[in-house]
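Should a chain be cited, it is by its letter among A, B, C, D and E, assigned in written order, with residues numbered from 1 in that chain.
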Amino acid sequence: MSFQIPIGPQHPALKEPISLRMTVEGEVITGVDIRLGYNHRGLEKLAEDRNWTQNIYLVERICGICSHSHATCYVQGVEKLMELAPPKRGLYIRYLVSELERIHSHLLWLGVAGHEAGFDSFFMYVWRDREVVMDLLELITGNRVHYAINTLGGVRRDLDAGQIAKIRDGLVVLRKRSEYYFHIGANEPSFVARIAGVGYLSKEKAVALCAVGPTARASGWARDVRKEDPYAVYDEVDFDVATADSCDVLGRVVVRVKELLESYKICEQILDKLPPGDIAVKAPRKAKPGEVVSRYEAPRGENIHYIKSNGTDKPERLKVRAPTLGNYPATVEMLRKGFIADIPLIFAAIDPCICCAERSVTLIDAGSGEESVARMSDLRRRAIVRHENAPLKRNAVWPL
Amino acid sequence: MAVVRTLLYLVVYPGLLFLFLYSTFCEWFDRKVYARFQNRMGPTHTGRFGLLQPIADFVKLLSKEDVVPEAADKRLFAVLPIIGLAVVSTAGLLLPVWNFDLANPGWTSFSGDIIVMLYLLSLPTLILFLAAWSSTNLFSTIGGARVLTMLFGYEVPLFLAVLSPAILANSWRLAEIAAFYQRKPLLLLPNLLAFIIALIAVQAKLERTPFDIPHAETEIVGGTFTEYSGKKLALFRLTFDIELVVSSGLLAAVFLGGFPGGAVVGFIHFVVKTLFVIFLLCLLRALTSRIRVDQVISFAWKYLAPLAVLQLLAIILLKGFLP
Amino acid sequence: MTDAELIEKLKSDLGDTVEEISNPARRRLFLKVAPQRLLAVTTRLRDAYGVVFLSTISGVDNGEMFEILYHFSTPETDYNIRTEIPKANPHIDSITPAIPGAVLYERELQDMFGIVVDGIPDARPLVLPDDWPAGNFPLRKDWKHERPQEVIPGGKS
Amino acid sequence: MLKKLTRWSRIKSPWILHLNSGACNACDIEIVAALTPRFDVERFGILLKATPRHADVIVASGPVTRQMRDRIIRIYEQVPDPKFVIAVGACAMSGCVYRGAYNIMGGIDQVIPVNMYVPGCPARPDAIIDGVVKLLGKL
Amino acid sequence: MKIAVFLPELLRHLFKKPATVDYPFKKLEVPKDFRGTPYLNPEMCIACRACERDCPAEAIEISSVNEAEKRFRMVIHNDRCIHCAQCVDSCPTTPKAMQMDSLFEIACDDRHKLKTDWVYVRAVLKPKAAAPAAAPQAAEPKT
């Protein structure tokens, strides 16, 4: 018996709206269809009537996990258009934040992978330790997510000695814990049984379907923008590109943990080499006409912004390609012939960031019961009634 | 007088009311220990130490709107939670906590009650399957199919594992098995392997990680319970809690030497031993990740069942050497 | 191979199939190609230069013309193939025979600009909602939309 | 007495459903972070539920995209009464930076009634807990 | 592969103090540069509208109440604010007229209550000279 199951847009395995329609026979998937569009917000159009400064914050809000990577990619490109040379110290701080963000993103992913596999203890421990890096980011930038540290021509906040010491302490803790999680992830039998051999993607397929980031690297294809097109400080620090050749979800776990360890290394080098001086230069309001292609290695893979200016204070065109979109064809390939139970794992293994891809998949809701769609006016009236009946008490304390 | 006593047995202690309270306590214990394993607090602010948390959940669910899907078989949909609750509560009555007096057994203790107990404990699985099937939701249907598939995996190892202490004790009555091991506690040791097998099988029966496949929320949303809400969900949750108590009570009675010592001491034995079993189950839950349904079946038939048979053989041989 | 050497090689190799090659920044090559020769150039680049990785396809509305850029990258350099098609008759050949991974970007191009991609294996809309009115292409410069009126529930209190 | 009991149980056991209507992930991750050991909302009996049928409180994040609008209403309808909605983050309240985009309908309150607004971009886990506490205090 | 690799960690944490913070009862400390809610320092404001122009989320609205008296009205929509502090960076005065405080627990059941509203008189760049004239009207924060 073959039937179709819808996954999403509201589904516990997905933190974001996307819809996958799986045709399954028993427990085996025979067909996959992805429908994007639930998360499509029309950002590229919006960017055309915002000025260069406003757009930093707009692109930052493409994604809440790799917010810094979008902002940096954009700022890098605009700085080239405006022919600005940010001071060294500013660049070092910018890429320190970007490596810390990679750490936060990979830790987050590691926890989510545990959660999707039903390994809740692992999830809880990883997320507990992720709070360490969140605290560091908050310390540097003033907010846990959406750091807003980039500005045209440099960064907005400087580091002082106390902060540097705290970052160093945090990195020591994180490195120790990451090594421990590597040990767990590679040794816990029930976890390994779930992820080994699942979601196979051969190197040939990965190349043909233009897979990016850790997905491609786990298939043995060593591509990393930081190495092949080193921007800013990456030709001054020493690091390796992590790869694995098992081509499955286990490989992707291994790649990400290895990248974590590389990131700690980069962070320490950045802190060691941090030069004194200014952190930013003043940026003009208008950019010269021109175009630029800006590439950046986000935690999920290559991030690419194409920016075209027409000489005004607003961009003519801003094209954003987030890594997740590039991984969808590969995901469809990986899901084929898998089990229902593997869907969340495989899907999580590309570390999907649907808001990044800013498009989305066809949803059918979880509940199949008869629904009458209430009219908007009706709902609004109800809301008003509720507001009137239930005023917020001053200093209302939750009776515990 | 006898009627009143029987009624008291049925309704208050050790019947429904006691089971209800004790099972909510066990759920709290389970959640709290699970949270502490994960370096969290767990329920804290509901009642003292969050003890009332399961009761709050239960009452809240009772007071919620009850939605029945249009396409579902309404009568079946409504009646199944009640049957499930009745079945596990009946199984609870068979526990040898209160009929400790061997010479004068109550009517709830009879030869062969261990078989009845195991049978009653496998009924909730079938009810769960029916519940999933009758709600006609896609995810529930998949959940229901997984429930049945898993049943074939864990049921045989569980039966075989519980059989081995019974054979050694030469009885089909729970109270007698318990009494036998109270006399010879050392003989509990040969059954250790069976105890582990039974623990794993009970974990699967209760659908807890790593066997929470039928309602794996990241895969098939709510699984079997996707369409249940309000009162019916409350009853199902209660069913699972009571099943947790009853099966841990069964394991305690068969593998840990029962609950000797009269009303008060026996009760303490009961609490300590069931909590110990629940602790082990909770540890198992925190320790593992969910596996796939095909892995459950192959694990059960490749390792659990042969080991259980081996254990059975060893016990029979041992019995030959015993005086 | 440096960018300058690569340009020489490309010029001698591709000849007049490429209208213009420029190199505005390090590792950024811009090739201008006529739309009819796009697939041929892409296939040639893929086979002879190892240009297999398509980063994305960007469309730009230039008023009378649509400019389409195919961003490729290789370990040596980045190739950006530019082609222009008239807005009045927006047709372009699909490059999926050469690069199967291009299908998503081509679908997006269809959605956002109303460019018809000939020979695309899967032409369904990708990002726009199901109830999107046909014939509206949001990224065209002449397309405007009206902001819905925002009603804030609750009175002033 | 019965009324008091149900009220008490409602305050003590709010089960939440997480609904993303096109958010940038930041609020979603912060909501999940509120479940993890550092903030651990299970202390208050809050559990994250997978299906709308089990939930009491919808925690919504993100601006409403055109494609999600009808689905949000359907999910809202599926939650059994009594139900509450918390809008987390600036996007869920008003659309923040996405105001005026062609595919955005505005905040959650343009589609379903909202009982509590939690500002922040993203709202910190403690701010989310604060919002939940204020909502429960209102009951 | 070993069996139960996670066991020591779990057992160790069973008797350890949980990592949970006692949040609603004990407030958390935020770092000193935390970006909370923006507020206006009306004496300093010169109504140049730089903040309004650079705000990415349309959260700041400046309208003129009375052109002759140079009375202006600024509304900060906290329900739209994304707490990026660009308004602080864009503000040309020293000390800044726009500032951020560390307040973040402002959850509310009504969006109207999240607006912050100021009516102020345009100040000159040297606040000391203008202060006596402006003082009676300025700084009427209505929340």
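As a working rule, contacts are C-beta pairs under 8 Å (C-beta built on N, C-alpha and C of every residue); 3 or more make two chains touch, one makes a residue touch a chain.
The structure displayed is predicted, hence computed values, not measured ones.
Engineer: Please report the smallest number of touch steps linking subunit B to subunit C.
Structural biologist: 2
Engineer: What chain pair shows the greatest number of contacts?
Structural biologist: If you count contacting C-beta pairs, the leading pair is A-D.
Engineer: Quick one: which chain's Cα centre is the longest way from subunit D's?
Structural biologist: Result for the farthest chain: C.
Engineer: Name the chain whose C-alpha centroid is most distant from the C-alpha centroid of subunit A.
Structural biologist: B
Engineer: Can you give the whole-Å distance between the Cα centres of subunit A and subunit B?
Structural biologist: Centre-to-centre distance between subunit A and subunit B: 42 Å.
Engineer: Round to the nearest whole Å and give the separation of the Cα centres of subunit A and subunit C.
Structural biologist: 24
Engineer: With chain centres taken as the means of their Cα atoms, state the distance from subunit C to subunit E in Å.
Structural biologist: Distance between chain centres, rounded to whole Å: 42 Å.
Engineer: By the touch rule stated above, which residues of subunit D touch at least two different other chains?
Structural biologist: In subunit D, residues 36-38, 40, 43-44, 50-51, 53, 65, 67, 78, 94, 96-97, 99-100, 102-103, 107, 109, 113-115, 121, 124, 133-134, 138 touch at least two other chains, as defined above.
Engineer: By residue number and range, which residues of subunit A touch two or more other chains?
Structural biologist: Each of 12, 37, 40, 42, 45, 57-58, 61, 121-122, 124-125, 128, 146, 188, 360, 366-367, 369, 380, 383, 387, 390-392, 398, 400 in subunit A touches at least two other chains.
Engineer: Could you check subunit C for residues that touch two or more other chains and list them?
Structural biologist: Correct list: 128-130, 138, 151-155, 157.
Engineer: Please output the residues of subunit E touching subunit A within their complex, sorted ascending.
Structural biologist: 1-3, 5-6, 9-10, 19, 24, 30-31, 33-35, 53-57, 82-86, 89-90, 108-110
Engineer: Help me check something: in the complex, which residues belonging to subunit A touch subunit C?
Structural biologist: Per the touch definition, subunit A meets subunit C at residues 36-37, 40, 42, 44-45, 80, 207-210, 223, 228-229, 290-293, 295, 302, 304, 306, 308, 316-317, 319, 321, 325-326, 328-329, 358-360, 362, 380, 383-384, 387, 391.
Engineer: Going by the contact rule set out above, which residues of subunit D touch subunit B in the complex?
Structural biologist: For subunit D paired with subunit B, touching residues are 5-6, 8-10, 12-13, 36-37, 40, 42-45, 49-51, 53-54, 56, 78, 80-82.
Engineer: For subunit C, which residues count as touching subunit D in their complex?
Structural biologist: By the definition above, subunit C touches subunit D via 128-132, 138, 145, 147-148, 150-153.
Engineer: For subunit D, which residues count as touching subunit C in their complex?
Structural biologist: Residues of subunit D touching subunit C: 65-67, 94, 99-100, 102-103, 105-107, 109-110, 113-114.
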